[in-house]
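Pasting the structures in now, so scroll down.
What follows is a pair of complexes built around subunit A, which joins subunit B in one and subunit C in the other.
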Partner chain A sequence: MSDMRDALNELARRGAPRGFDEVLKGAASAERDAAERDAAARDAGGDDLDTIPLVTAEPVARRQSLSSMIAAAGVAALVLVGTFAVSAVVGSGGAGSAEAAVRRLADAVSHEDILAAADVLAPEEVRSLHGTLDHAARKAAELQLVQTASAPLAGVDFNIHGLNLSTESLGNGYAKVTIDAGTFTAATHKTQFSPLMQKVLRESDDNSSQSDLAKLAENDNLPTFVVAVRHDGRWYVSAAYTVLEYVREYNRVPAADFGSGERNISTLGAESPDAAVQDSMRALQREDWSKLISMAPPSEIPVYDYRDALTTLARRNKAESDRSTSGFTIDSMSTASQVNGDTAKVTLTASGTTDSGHWSLDGGCFVGPSDEDFPYPCGGDPVYFGLVGTPLSGLDKSSTVTVVKQNGRWFVSPVSTVLDVLDHFISQLDRRSLFTLLDIPNQIPPDGPLTLGRPIVLPAGTSQGTKVFTFQGHEGQNLLGLATAQSKPSSTASSYENYPPAAVRMFAPDGSEFGESGMLDGQSLTLPSNGTYTVVVQRSYLSRRVGDVTVTIWDAADAPAAAKQPHDGGSSCTYTLLGASCSSTSSGSSSSIDRILPGNNSGQPSTNDRRVTATSVARGPSPTFAIPTTVPHG
Partner chain B sequence: MGEGSRRRARFADGCYLGGGAALLASAFMRWIARGAGSGLRGHALVDTLVALGKHVPALSVARLTILWYLVPALGAVSWIVYGLLGARSRGARIVALAALLVSVLAAGAFRQLAGTARLGWGPKVALLGGFALCAGAWVPDAWLRARRPAARSSEPASV
Partner chain C sequence: MSHSAGAGRQYGVAAKVQGIGGGGSRARLGLEERWGPDGIQRLRELYEPLRRFAAVIGSWDVDPDDLVQNAYAKVLAKHPDDIRDLGPYLRRAIVNLSTDERRRTTRTSVVLRRIGAPLSATDSYPSDLEDLMRVEPRVRALLYLVEIERQPVADAAEVVGMTNGSARVALTRARRRLRAELTMEANGE
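Let's turn to the complex of A and B:
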C-alpha cells in the first residue's frame, strides 16, 4: 500500500503544479497545434492521414461546402460540354429568331467566313452551295489565287457594325427584318493577297469604302430589308424571298401569298422529270407565266407565292412593249433523263426560231440567231467569255437540267442546275485559262523554249489557245512573225480577215511586258538586252471563226516576205523598252485597233466600224497602227 | 497557418480554378479569327478546315475532334477534382498536366490547320488555362508556408 502511495506521489510531482484553468489552456493549445499540423500536412501532400480534430471548427465546414459547390459546378460544366458535343453532332443551322439569323449573317460577313454565311441561308435555296464554295476555295488555293483555301478572302476586310434591326411578321414562319441602322466597311490590303494576285493587281493600291446599310435602296424609296424564313424551328435568311420582295415593292405589285406554294405543292410541278422540262419549255414558248411559275420548286424559288405579283408585272411589261408575241417557237424537242432517287438529270435538245432567226440547244450548247457568225466555242476555252462571263464555259453538250422531286411531283431546280454548271467550270479551270483571263499569261509555266522558224499551232476551242515559251535573246536581236489560220472567216466577217488571228506578247527578263508588239503584222521587235525572255503566243478574240492558227517567229533577217507585210498597211514601228519608233509605209486606210485590256470586254465587235472598243496603251510615241492582240479579259 | 500563407494558398487555388474556367471558356470563343470556320466550333470546325484540304500529321478528323472537346472537358474535370481533393492533390496535378498537354496539342493542331495569323482567342485562352492549372497545382510548398510564430510549449497537458 505504501509502495502504491509512493508511486502516485511520484507521478503527481512530475511537471509543474497547475490548476484546473491551466489544464484547460494546455488542452486548447495542444488542439490548435494539432489542427495547424493537419492543415499544413494537407497543403503539402495530402497523403498524410488526416488528424481528427478534437473540436469541429466552423471554418473547416465552410471550406468543405465551398469545395462541394465547386465540384458540383464542375459536374454541371462537364454535362454542358457533353450536351454541346451532342448538339453539334445533331446539327443546328440557322438561328433562334429572324433577327438572330440576320445578325449571324452579318457576323459571318464581318469575319469573311463565306461558308458560315452559306450555312445561315435557307438550306433549300442554297442546296449544294456549301459544296460549291468548298470546291471553289480549294481550286483557288490550288491555282495560287489565294494563299490558303480556308481564307479565300485574305487581304479583304469586311466589317458590319452598329446594326439596328426591326422585325415585321409577314406570316407564320416568314419575317421581314429591316435594317434601321448599320455600317458596312470594306478594305483591301494588297500585301495580304497571294503573290499571284499581287501581280494581277500590279499598280493598284489599297482601297477602302463605307456604306450606310440603312440607305442602300434609298434611291428607289425602299428601306433595306432582308426576309427570313423558319424551317424546322430554325430561322434562315432567304435570298430568294428577299429578292422577290424587293421586286414586288419596287414595282408596287400585289402582296405575296406566303406559304401557298408549300400548301399547294401537290398541284404544282409535273409527273415526270422529262415532263417537267418539256412543260417548262412549252410554257416559255406560250409565255404562260403561271404555268412556268408552277414548275419551280416552291421551297427553292418561291415564285408561286409571288404569282400574282409576277404575272401582273409580266402583263404590264407586255402591254408596254407593244408586242403581241416574241416569235419564239419550238420546232423540235427531245429529253433524256437519268433518275437517282429524288433527283434527275435531264438532257435537253431542242431547236426553233425567233423573229431574228434560228436557234438550237444541245445540252448546254446554245446557238442563237446572232451567234452564227461568231459562235462561242461550247465547252471550250473560257477566255472567249471574258472574266465575268467565264463560268459559262462550264456549259457543254453534257450539261443537264436538274429536276427534283417534292411531294411526289417533279420540279425544275434552277439552283441545282446553275451550281452543276459552276462545279463543272471550277473543275475544268486550269492555270492556262485563268492566267490568260487575269492578264498575267507570263505566269503560265512555259511550254518549252522558243525555236525560231518552228511553227507553233494554236488549236481552236480549247485552252491551248495560249502558249508560253522562253527565249534566250540578245541585245539588238530583231524578231518577226507570221500568223496563219486553217480557214478564213466567212464573208460576213470579212471586215476582220485582215487582222492577224493571233498575237504575241513579249516579257523582258525582269517580268515586265514591253513593246506594242506588231511582230505578227510586219513590224519587227528589237530586244533591248541579253537575257531570258518570256514569249506568249495567243489566239486573238477575232479568231473564233477560224480553225487552228499557226504562228511562226523568225529572226527578222531570216523571215519570209509574207511576214514583212503589214496586214493593212499603215505604219511600221519597231519597239524597244524606251518606246516606239514608227515610220509610215502606206497611205492606206487609217484604221487603228487598240489592244483589248482587262475590263474592256467589248463583246462582239461592231461590223460597221473597224475599230474595236478598247483602251490604248501608250508607250512613247503613240503608234498609228496597233492590232487586237489579246482575247477579251472582261 | 499564418494569414500570409492562407492568402498564398487562396491565390494558388484561384489559379487552379481560373485555369479550369479558361479551358471551359475557350469552347465558346472563336478558334479561327477570320475566314472559313470562324463561326464554328467542335467537330463542325474541324470538318470544315479538313474539308478545305488541311490536315495534321498523325491526327485524323476524329482525333482532332476529340482533342478539341477534351479541352473544355478537362476544364470541367479540374473543378471536380478541386472540389473533391484540393488543388495540390495528386489527382489535381494529373488533371493539370493532362490539360496542359491537350491544350498545347490542340493549339498546335489548329495552328497547322489555319495558320498562326488566323488563330482566334480560343486556342490562346486554352493554353493560358493549361498553364494556370499547372501553376496552381504545383505551387512550391516553401512559397505557401508562412513564417512560423515563436515556439509554444509542446508538453502535453497532464491531469
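Let's turn to the complex of A and C:
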C-alpha cells in the first residue's frame, strides 16, 4: 500500500453492493416492522418495550457546524446573563391556573422577556441560580459577550403563536399541560449581536427556524407537555418535574407520588453533612437507589416523588446490562465539612476500584481507570475541555459537595454543587480562555511581536497555554519551529507522546487562517506575501500532563537540527488550491510526485493561486502520501 | 472478508411512527406519500457515497449495506420536511449505528470472557488495510471525509460527532501514525 488515499478508497469499495433498490426495500421493511412493533407495544400499554436504540442522540441536521455550536453557546450565555436578576422578583409571580402559567411563559418568550418568563418558573428552581447568574452577568459584561446586560437577547427573535393547551391533573397541586397545537419560530439578526459575537459568527448568516410545538417529542411517541406546580395558591412551570415526567413516560414506569418528598422530609436525608455525603457514596456502591434518592432535597430535585419510577428503571437497566454488580467499590473515604447556617461544604476524598481499574477522588479531582490515555488537568485551562465540557475546568482539589439542611435533616444538593463548580469556572474565565474556546484566538490582544529564535513558554494548567504574537513576515520567508515539553506523559502507553505538545496557527494579514501547519513537525512554512501576520501558539490538547511547553520559531535556515527532524521522514509538498506537488528525499536522493487534489481536472496551478509551501527539511525515508492543506484565498 | 446476511443485521433501531396529524392514533401516511419520487430519488443519489462512507467506518464484519439500510430505515420513519440536510443526517445515523454495533460487540465479548466462553474470531482484513483498520473508526471516517471527499474539517467533525478542535488533533495524529507505519512498511521494517 503506497498511499493512504488508496487504502481509504480500497476500504470504501469493500464488499459486494446489494444496490439501492434492495437496500431501500430492506429499509422500508425494517421501518414498517418497527412501526408495527411500536404500535403493538403502545396498544399493550405494558412494559414490553421495543428495543430502545443505544443511539442516544438523533443525528442533527447540519447547519454551519462550529458557528451553530458557538451560536448556541452564545445564546445560552445571553440567556444566563439576562436571567440573573430574576430572583429579585420570584415569589411574587405565578399564574392563576396551570394553563395560564404556560401561556404567560409562552408570552414572555415571544417578547424575549426573561424576567417575565422567570416569574412563572417554580421559585425554588430559579432562586438557586441567583448567585451564579449574577456572577455570569458581571463576567459577560467584562468580556463583552453581550452589548448590555439589560438586553441580553438583542439579535434573537422568538415567537410562539397558535397555542392550544389542555390540562390534566396529576395530583393535588400538580398538573400536566399538554401543547396540542402551537408554533415556535426563532430568528437571529447578527447585526444586533455584540461585536464579539459577530466575530464569532463571522461565517454564518442570519437564519430562522420554525418548530411545531405539538410534535417536539413525536419521535418518542410523546406529546409535548410541561408540568406545573402550585405554590401558595399560584401556579408555576416546573422544569424539574417536567424532565422527570418525561423520563417516566418515555420509559413507561410507575407514576409519581406527588408531594411525598415534602411530606416525608423528616425521614429523609441524614443527620449531619458528612453523613449525607458518605451515605450517598455508600448507596452508590451498593446500587441502593432508594437510599440515594432519599439524599436529594425534595424541594430542589423531586426524585423522591419519582422513587418508584426511578428504581424500576434502575432494576430494568441492571437486568438488561448482564451485570450482577457494577464492580464499583470504595476502599477508602473521608470527609471534612464546614457548616454555615443551613448550608455545608463537604470536602470528599475517596478511592476504590471499578471493573476497569483504580479510581480516586480528591475534592474535585477525579482520576479514573482510563485517564492514563485521556488525562485531564484538575483546575486547569478550560481550553482543554472544549466548548461544551469547559465548565468542568471549575473542578479542582478545593471543590466541595454542597449539603443543605431542610426540616432538620441534611441533603446533598446536586444543583448547588454544580453551580459552585460553574461559579469557579466563571471566575477563572478570562478573555484569553474565552477567545480560545470560541475559536477566535487571533482576536486575543497580542502578547507582543514574535522574536525569531526566542523561546515562548506555555505554562501548564493556566490560560497562558495560548499566546498570540504579531510577526512582520515577507514573501518567501521560511519559518520552522520546535516544541519541547518539560516532561513526558506519566503513562508510557500513551500514544500522545509522539506528537508535538503544541501547535502554531498562522493568520494572514487579512485575518484568514492558513490550514494545518506542520511548522512544529519538521515542515517549514513559507509565507506567501509581505505583511503583519498573527501567530497563535497553543499547547496541544494532548499535552495535558507534560508540564510547561516551550516553543521556539526560527527562520528555517537558522533552525537547529531537532526542529528539522519530523517524526515521519522527509517530505516536501507545495499546496495550492488546485493540488499538491510533493517531493521526497531519501538517503540524499530526491524524487518528485505530482498530486492533484480530487475534483480538479488540471494539474497546472492557475496563475492567481495563492501558494503556501510546507517543506520538510530533514532527509529521511520517502513519504507515502501528501497532506492536503487548505489554503486561504487572498 | 465475512459479510452478514443480505437482510442486514438489525441494530435495534427503533424506527418510530412518524404520523402526520395529531394524537397517538394519528393516521400514518405511506412511504411513497411521505417521501414522493423526489425524496426517493434523493435517497438513490446518496446511496453510493453513503455505502462508501459506511464501508469505511463500519467494522470489517459488518456489511456496509446493512448500515446504510438501517440508516435509511431511520429516515424513512420521518417526514422529509423534518430533516433539514439529508446527507449529513444519514451519515450521522451511520456513525451512530456503527458505534452501537461496536458497543454491542464489545459487551458481548466481555460477557463471553466473563463466563469463560470461547470468543468468536476476531476481525481479519487484508494486510494492506491493516494500518488503516487500526485507526479508531470515527477518525477513519473523518480521514475519509476530509481526504477523499474533501469536506472541510468542521463539517466532517460534525458528521462524526467530534468537536472541530478534537477532529483536527485526531486527523493530525492519524495522518502521522499512518505515515510512520506506511514508511516502515515501505522500508521493509
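Observations, loosely collected:
As a working rule, the second predicted complex is superposed on the first by the 457 of 634 C-alpha atoms of A that agree within 3 Å, B and C clash if a C-alpha of one lies under 4 Å from a C-alpha of the other, contacts with A are read in each partner's own complex, and residues count from 1 in each chain.
Operating definition for what follows: a residue touches a chain if its C-beta (ideal position, glycine included) is under 8 Å from a C-beta of that chain, and two chains touch if they have at least 3 such contacts.
Owing to the predicted nature of the structure, the values given are computational and were not obtained by experimental measurement.
Of the two partner chains placed around the shared chain by superposition, neither subunit B nor subunit C is touched by A:511.
In the superposition on chain A, A:113 contacts subunit B only, with no contact to subunit C. Of the two partner chains placed around the shared chain by superposition, neither subunit B nor subunit C is touched by A:171.
In the superposition on chain A, contact is made by A:521 with subunit C only, not with subunit B.
Once chain A of one complex is fitted onto chain A of the other, the partner contacts of A:4 are limited to subunit C, with no touch recorded for subunit B. Judged by the number of subunit A residues each one touches, C leads among subunit B and subunit C. In the superposition on chain A, contact of A:30 is made with both subunit B and subunit C. The intersection of subunit A residues touching subunit B with those touching subunit C, taken from the two complexes, comprises 14-15, 23, 26-27, 30, 39, 42, 69.
Subunit A contributes residues 1-2, 4-5, 7-18, 20, 22-24, 26-28, 30-31, 34-35, 37-39, 42, 50-55, 57, 59-66, 69, 180-181, 214, 218-221, 322, 386-388, 439, 495-496, 498-499, 516, 521, 540-542, 567-569, 597-599, 621-625, 627-628, 630 to its touches with subunit C in the complex.
Taken in their complex, subunit C has these residues touching subunit A: 1, 3, 6-8, 10-18, 22, 24, 28, 31, 40, 43-44, 47, 51-53, 55-56, 60, 63-65, 68-74, 76-78, 83-85, 88-93, 95-97, 99-100, 103-104, 107, 111, 126, 128-129, 131-133, 140, 143-144, 146-150, 152, 154-155, 157-159, 163-166, 168-169, 171-173, 175-180, 182-183, 185-187.
By the touch rule above, subunit A contacts subunit B in their complex via residues 14-15, 23, 26-27, 29-30, 33, 36, 39-40, 42-47, 67-75, 77-78, 80-81, 84-85, 88-89, 104, 107-108, 111-116, 119, 134, 137-138, 141, 148-154. By the touch rule above, subunit B contacts subunit A in their complex via residues 1, 9, 17, 20, 24, 27, 30, 32-44, 48-49, 51-54, 69, 72-73, 75-86, 88-90, 113-115, 118, 141, 144-145, 152-159.
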